[in-house]
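Next come two complexes, and both contain subunit A; in the first it sits with subunit B, in the second with subunit C.
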Partner chain A sequence: MTRSDGRGLRATVLAVVLAGLVLPIAAGLWHTVAAAFGHLPAIGKTEWSLEPWRQFLALPGAWTSVKLTLWTGLASTALSLLVAVGAATWCYGRLGPRAIGRLIAPFLAVPHAALAIGLAFVIAPSGWIARSVSPWATGWSVPPDLAIVHDPLGLSLILGLMVKEVPFLLLVMLAAMSQVPAAAQMRACRALGYGRSQVWLLIVFPQVYVQIRLAVYVVLSFALSVVDVGLVLGPSNPPVLAVALTRWFLAPDTKLILPASAAAIAQALIVLFAILIWRRGEVAVAHLGRAWICRGTRSQTWTWSSSAAAVSAGCCLALGMLALIALALWSVTWRWSFPAALPEMFSVGAWLRPGSGWGRAALNTAVIGVLATGLATVLAVAWLEGEDRAGLPRARWAEGLIYLPLIVPQVAFLYGLQVAFVWAGIAGGVAAVIWAQTLFVFPYVMLALSRSWRALDQRLVSSAAALGAGPIRRLLAIKLPILLRPLLTAAAVGFAVSVAQYLPTLFMGAGRVPTLTTEAVTLSSGSDRRVTAVYATLQSALPFLVYSAALAVPAWAFRNRRGLTGDPA
Partner chain B sequence: MRLPVLFAMLLASAFPLRAETWDEIVSAARGQTVYWNAWGGDERTNDFIRWASERLEADYGVTIQQVKLTDTAEAVTRVIAEKAAGQDEGGSVDMIWINGANFLSMKEQGLLHGPFVEILPNAKYLDLSPGSAATVDFTVPVEGYESPWRLAKYVLIYDNARVDQPPMSMAELLEWSKANPGRFTHPVVDNFMGSTFLKQALIELVPDRDVLQMPASEADFDAVTAPLWSWYDELRPTLWRDGETFPENASVQEQMLNDGVVDISMAFDPASAAAAIEKGLLPETARAYALDGGTIGNISFVAIPYNAAHREGAMVVANFLLDPATQAHAQDISVLGSFSVLDPTKLSGSEKEAFAALPTSPALPTLEELGPTLIEPHPSWMTKIAESWAKRYTQ
Partner chain C sequence: MNALELIDISITPPGATAPLFPPVTLTIPAGEVLAVMGPSGVGKSTLIDFVGGHLGAGFRASGRVVLDGRDVTQLVPERRGIGILFQDPMLFPHLSVGENLAFGLTRRVARRSERRARVEAALARAGLDGLYDRDPATLSGGQRARAALMRSLLAEPGALLLDEPFAGLDGETRRDFRSFVFAHVKEHVIPVLMVTHDADDAEAAGTRQVVLRHE
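Coming up: the complex of A and B.
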């Protein structure tokens, strides 16, 4: 195999990624930037100026929104990482990666919006926790006037993000662990008298962190710019910037589109700024860590802090679990008034009416999810195969290219992208939604698939080549079947990402492509928790079913091929 | 033989803007799917739109696809984005449930198709005399650019198992809220329900109501609204969560009333309490009522964007919504419970009977109990009130 092999393939894949992924984002950013500097011919504005920026900063609560965004974004990411690291320390040697994977996989499948909607009900002053201890323990016959959910400090929003991000980071960390000779280092350090937690934190974790850094930035960017969770759990007067600017984009006064565009660009700058702050934080922490190592202090007593983190992680999982159960319960409720701990009357009425909207939304969600995931998976396989044939490790710029849609906040380019799509004549349809979702599905599929792909035993491929199999046959007859399990897992991840997309579906579908997520978020601002619960339950169930299928299919297909699990370990 | 054809062609070119007849519109509409952009937070309305789609498909071969909005302005933004991209035909929005500021915004920017109301056969049931409720939308002249479909009126809702005597005026509300701190709130003022609450208070508190009919810029805004703000400054600290956070809209507040988080909610629909009870969304003891001296009321309209792809279908839908049978169905509390927009004097005997036969409910106030309908202030008041509220109370 020479480097010239598959040059055509690589060029094609790169062209597709550039034209299909990078160009739309650039075009979208460009239109947003233009509007941010006063250029939007549609409303008769053609003069370049800084006026939108002045207007944006003069909008009531704009600065508070910016501060809230930085606070909730940085705090939720830092806390999630802290808890995940602590939990990983605790789990190390206690629970295998398989067991942990099984425990947290459901949470990765559940979209943020569904979890947020469920969590809002669990923790609210009128919520499930309050209901189950009232009035016998609290004396509350009506809910207390406490600032939980939509609290001005955004603590509920931070908690909501943590419930989702702690499991994600934990899983990413476990995956990265296999690249580190942790067991050998652990033995060596233990022999030198260091405590287990200490070794994990000071020796193993820094090596792991290097590998998960980009994933942490993705979490940070997401936390800073999330709209749906912010709507459901975040402060409301003023809200975080992403929610505020979505409101401005959609306000009746169309002149607000200009300051909204400025705010969207500010949002992108905030993400950049936060990543820079984070980077400084990394350097500082690394400094401290090195100083610590140099002191050579042996410590056995860190168990309590890692146990505390494990308990926190457990709480996050428990809250998430409660949220999901609450959703399922509400979907079959007729009346459930405060302070009853359980519904007073049940009804499956909401489920019996797929024609009321959830049937179509579920169908849309499934079709869009399958197609977007299919596209992304094919593209990912083509990309990885191109790398294989070139025999090259992935360049840094390529890694950056893949992560681009995850790091640039969606709100910063979606409005502009909408204008660009309309201009190209493809707005407002299922095709536009599938395309826009693929932007975000592809990076996750790449993330999920790359490691297993590279871990494939190259001797098998070489043997096939020696037996005369051409590159296509090697791919189809050797690589793909062996990699069936990781392929399906990656596709399931992609599907879950697709199901969770809120803003791209809303903007690109011109609101005409209702999915479970857009409908659930819309309905969460209505009065009928029961109907919202049906959508949110389905929204969680769909990716979960796909996950289960991704595990079941290879298990069945390879039931008598123990070596074909596709696990790199 | 050629002459008539030539003549017809000449005629066509001489009158390029010749109005289509209703029959032509109906036949062009057959087979169209109308994308009706309507706020989707209310299941009853969504059900009603589905019902309308079924009827229209049977009678006219037109179906409705509801585009559920969280905010009507989303549809306005979409039309603007299409105009930005030069898509002057085949637009994605066929019809919008609209009124007030959104209508003013679209009309001013020439984003609406029309005038079309006079073409609708069922417009004969409307009172279209100058100054009547169906010809003015928040004091903005409709001029045939939007067609009425439902009547809305501001009411308060309380649970009479928890509250014996609800406050009957904005002044009483302040006293009540002081006596029951944390048990009242209103939706955010960005939301039309929140601003309607403030407008209702303004109308009650302002010494001279006529000034509210002119644009706010022509009046001394600060002087006119001073009584409102002094009243609100007293009220706010007594609200739920000390008036620092507000529910997103009236539906959320209805859920808060149902959960017992607050004791009073509000709606722009006198039948909403009765309908919510029927759906298990409020306790049986919930009651809707209007304030002494009457409350604000207005008509909701449907408008058609200038670039709508299915303009004819949208007009057929608008006409269907004005049908007396449709309006009677909508007034049924088990359906929508929104009062008819038609002029009762223009209905025939059998058409009136359909309205008389509708069911009643203890939670549904009668027309007499609802009292007079107060006219909406000019929309600029709503915009300015929302702005100054945000300046005053958003840090």
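Coming up: the complex of A and C.
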């Protein structure tokens, strides 16, 4: 195997990524754009016009949906970042990265939808919080008629997103911190008379932010276009745009498809617009920060603000924890009348009837998750190995392509993709779902794996080569075993992403592939809490089990290898 | 008899316009250690990487590497039969000490029992008796260094490259390991190219020294 073979490998991987990932997104976007301008031969429309846009804007609540989307997306992202930054400031020097990692790890595995359902069980007027203070504090003997969940301002949607995003941003920041000589800078700046929080905010954070920018944009794009959390917690009439247009797409009335396509393109433009606004905000904040630095004001006293943020972050974690406990509790409840603080009768009945639906949904979820993750992991290893073997510098433009599915909102191209599938004569089903999920799993696996892969000491690989080991043996006997831990962690991340997918499963499965996520979201609107809880509990437990295995397997395999039991590189 | 010949070697790092040092031509007969000295940053390790075939992406290099009359310049590292020792021993952290050595041992020794015996014998010679199953991370610096040398020699290389192999050790350990290395390479009768910035190491090798200077 020579360099040119390496280039061949890389070209192959690139071709697979282009054909399997970029092309479909482009085709999906194209079909959506075409439909947005009146061209959709499938329903007999071939005239180009602006009519779908007029129809979209004339739909009841369309403008409110757009405004709600921008508000909830920007507010939840800004608040999550603010709380995460403040909490990181507070944690710095108090809690090590390992302790924080242990604290927030469960939330990374749990899908957004499950957390949202659990949160609804906690904060609803008939939820756990109301129950635990009633009737002695509130006087309520029946749930009050308050719109807490589905509130018209989207506050519970914002809260639901924060519960998931604050831990995520905190973790991303911790990972980025290891790239910044924070401890030395902290000492140097404190010696100049600056307080700890101030050094963190003015000196360390700007360096960290540059590294987490992509993650922040991903969070922003997600918050603006999320459907499942929007369905569970968001305003209902009118809902956020992503929820509204999903409804229009899935409506039996085909007349709504063209305006829905226009709305899908509007959704993509909203994300673009919001990122631009965010970017302007970054510049403005940087400007203020510089001015502040140049003034040279020393302040040792604003630890209160970081403490406040730490308390907020703690509340997010506590709410998330309560949400998960509520799910588990409801899944074994038989009778729990308001306002009892705890269930009056327990039953494992729901768990004993997999045939009622959750068995099949769990099996689908596991099979799709394992296959999508396997595909994505193999592709990621091939990508990184091709990079190593080709002896070429990293191709940033190609890496940009990988992360496309994280930034472009799913709704903007999924319907078009469905159209492209029908056009190509591919039926929706399990295979289509696996493939569509791989689009979203692959970027996350790459994100999780590439740093450790590139940090592997090349001299280990050179040593193996000098001992006569060829490229395949170097990969199988040296690189993969040494990278087992980051490899399995990346796979666990991928699995969690797969389990959480809602829209791709709904669209590409043509409604025939029920998974835990699609069922839980459907059931959450008004069904029996006990049944919903079974689905949502499983939905959280499955990725959590995989995460635990991803930690336990290398720990066991390398129990006698001190060089491999430290933090992953 | 084996000899390592470097003919007219010139290397330009990525982004640079001028080569690191004037063209290098050297012949190292078998059993001899040649010490390449020079200030840091002059490209001593880069020269080693070129000879071993480990040069990173973006380097431009010209010249030839001839081992035992065979031009190996175009060969991938695993086909050159040139061993390498770095400053860090680079024992594979997921393998036991013995497995590390077995990874190095040439496939010409095929029988399982014989392979095991050869590894055990090498361990014994390195003063590592009975440490076959040990985690390399639990060895002392000197033990690790000796294990790394034994791993290289078990591959039966036609030549050996030493990239500041003593720099990570101190005092007595360093002197012990140095004489251990030189004794073994004399016995194996192979050419050895060593780069170092420590005159002591070069003196200890007791042989020719070449000094690289910036072009």
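Just so it is clear, the second predicted complex is superposed on the first by the 551 of 569 C-alpha atoms of A that agree within 3 Å, B and C clash if a C-alpha of one lies under 4 Å from a C-alpha of the other, contacts with A are read in each partner's own complex, and residues count from 1 in each chain.
As a convention for this text, contacts are C-beta pairs under 8 Å (C-beta built on N, C-alpha and C of every residue); 3 or more make two chains touch, one makes a residue touch a chain.
Predicted, not measured: the structure shown is a model, and the values here were computed from it.
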**Item:** Room on subunit A for both subunit B and subunit C (clash or fit)
**Value:** fit
**Asked** What is the contact status of A:Thr32 with respect to subunit B (first) and subunit C (second): first, second, both, or neither?
**Response** neither
**Prompt:** Looking at the overlay, what does A:Thr517 touch: subunit B (first), subunit C (second), both, or neither?
**Reply:** neither
**subunit A: partner with more touched residues, subunit B or subunit C** = B
**Message:** Under the stated touch criterion, which partner chain does A:Val422 make contact with: subunit B (first), subunit C (second), both, or neither?
**Reply:** first
**Message:** One more residue to check, A:Gln198. First (subunit B), second (subunit C), both or neither?
**Reply:** neither
**Prompt:** So, A:Thr373: does it touch subunit B (first), subunit C (second), both, or neither?
**Reply:** neither
**Message:** For A:Gly526 in the superposed arrangement: first (subunit B), second (subunit C), both or neither?
**Reply:** first
**Message:** Looking at A:Asp145 after the superposition, I want to know if it touches subunit B, subunit C, both of them or none. Which is it: first, second, both, neither?
**Reply:** first
**Partner chain(s) touched by A:Thr72 [first = subunit B, second = subunit C, both, neither]** = neither
**Message:** Quick check: superposed on A, how many Å separate the nearest Cα atoms of subunit B and subunit C?
**Reply:** 47
**Residue ranges of subunit A in contact with subunit B within the complex** = 40-43, 60-61, 64, 125-126, 141-143, 145, 147, 150-152, 235-238, 247, 249-254, 257, 334-335, 337-338, 345, 347, 355-357, 415, 418-419, 422-423, 425, 427-428, 506, 510-512, 514, 519, 521-523, 525-531
**Contact set on subunit A toward subunit C in their complex** = 1-2, 391-393, 457-460, 462-471, 477-478, 481-482, 484, 558, 560-564
**Request:** Name, in rising order, each residue of subunit C that touches subunit A in their complex.
**Result:** 49, 52-54, 56-58, 76-78, 80-84, 86, 88, 90, 92-94, 103-104, 106-107, 135-138, 151-152, 155, 157, 161
**Item:** Residues of subunit B that touch subunit A when the two form their complex
**Value:** 35, 37, 40-43, 46-47, 50, 65, 67-78, 80-87, 92-93, 100-102, 105, 109, 162, 182, 188, 190, 240-241, 244-246, 248-249, 251-252, 254-256, 258-261, 276, 279-281, 283, 383, 387, 390-391, 393-395
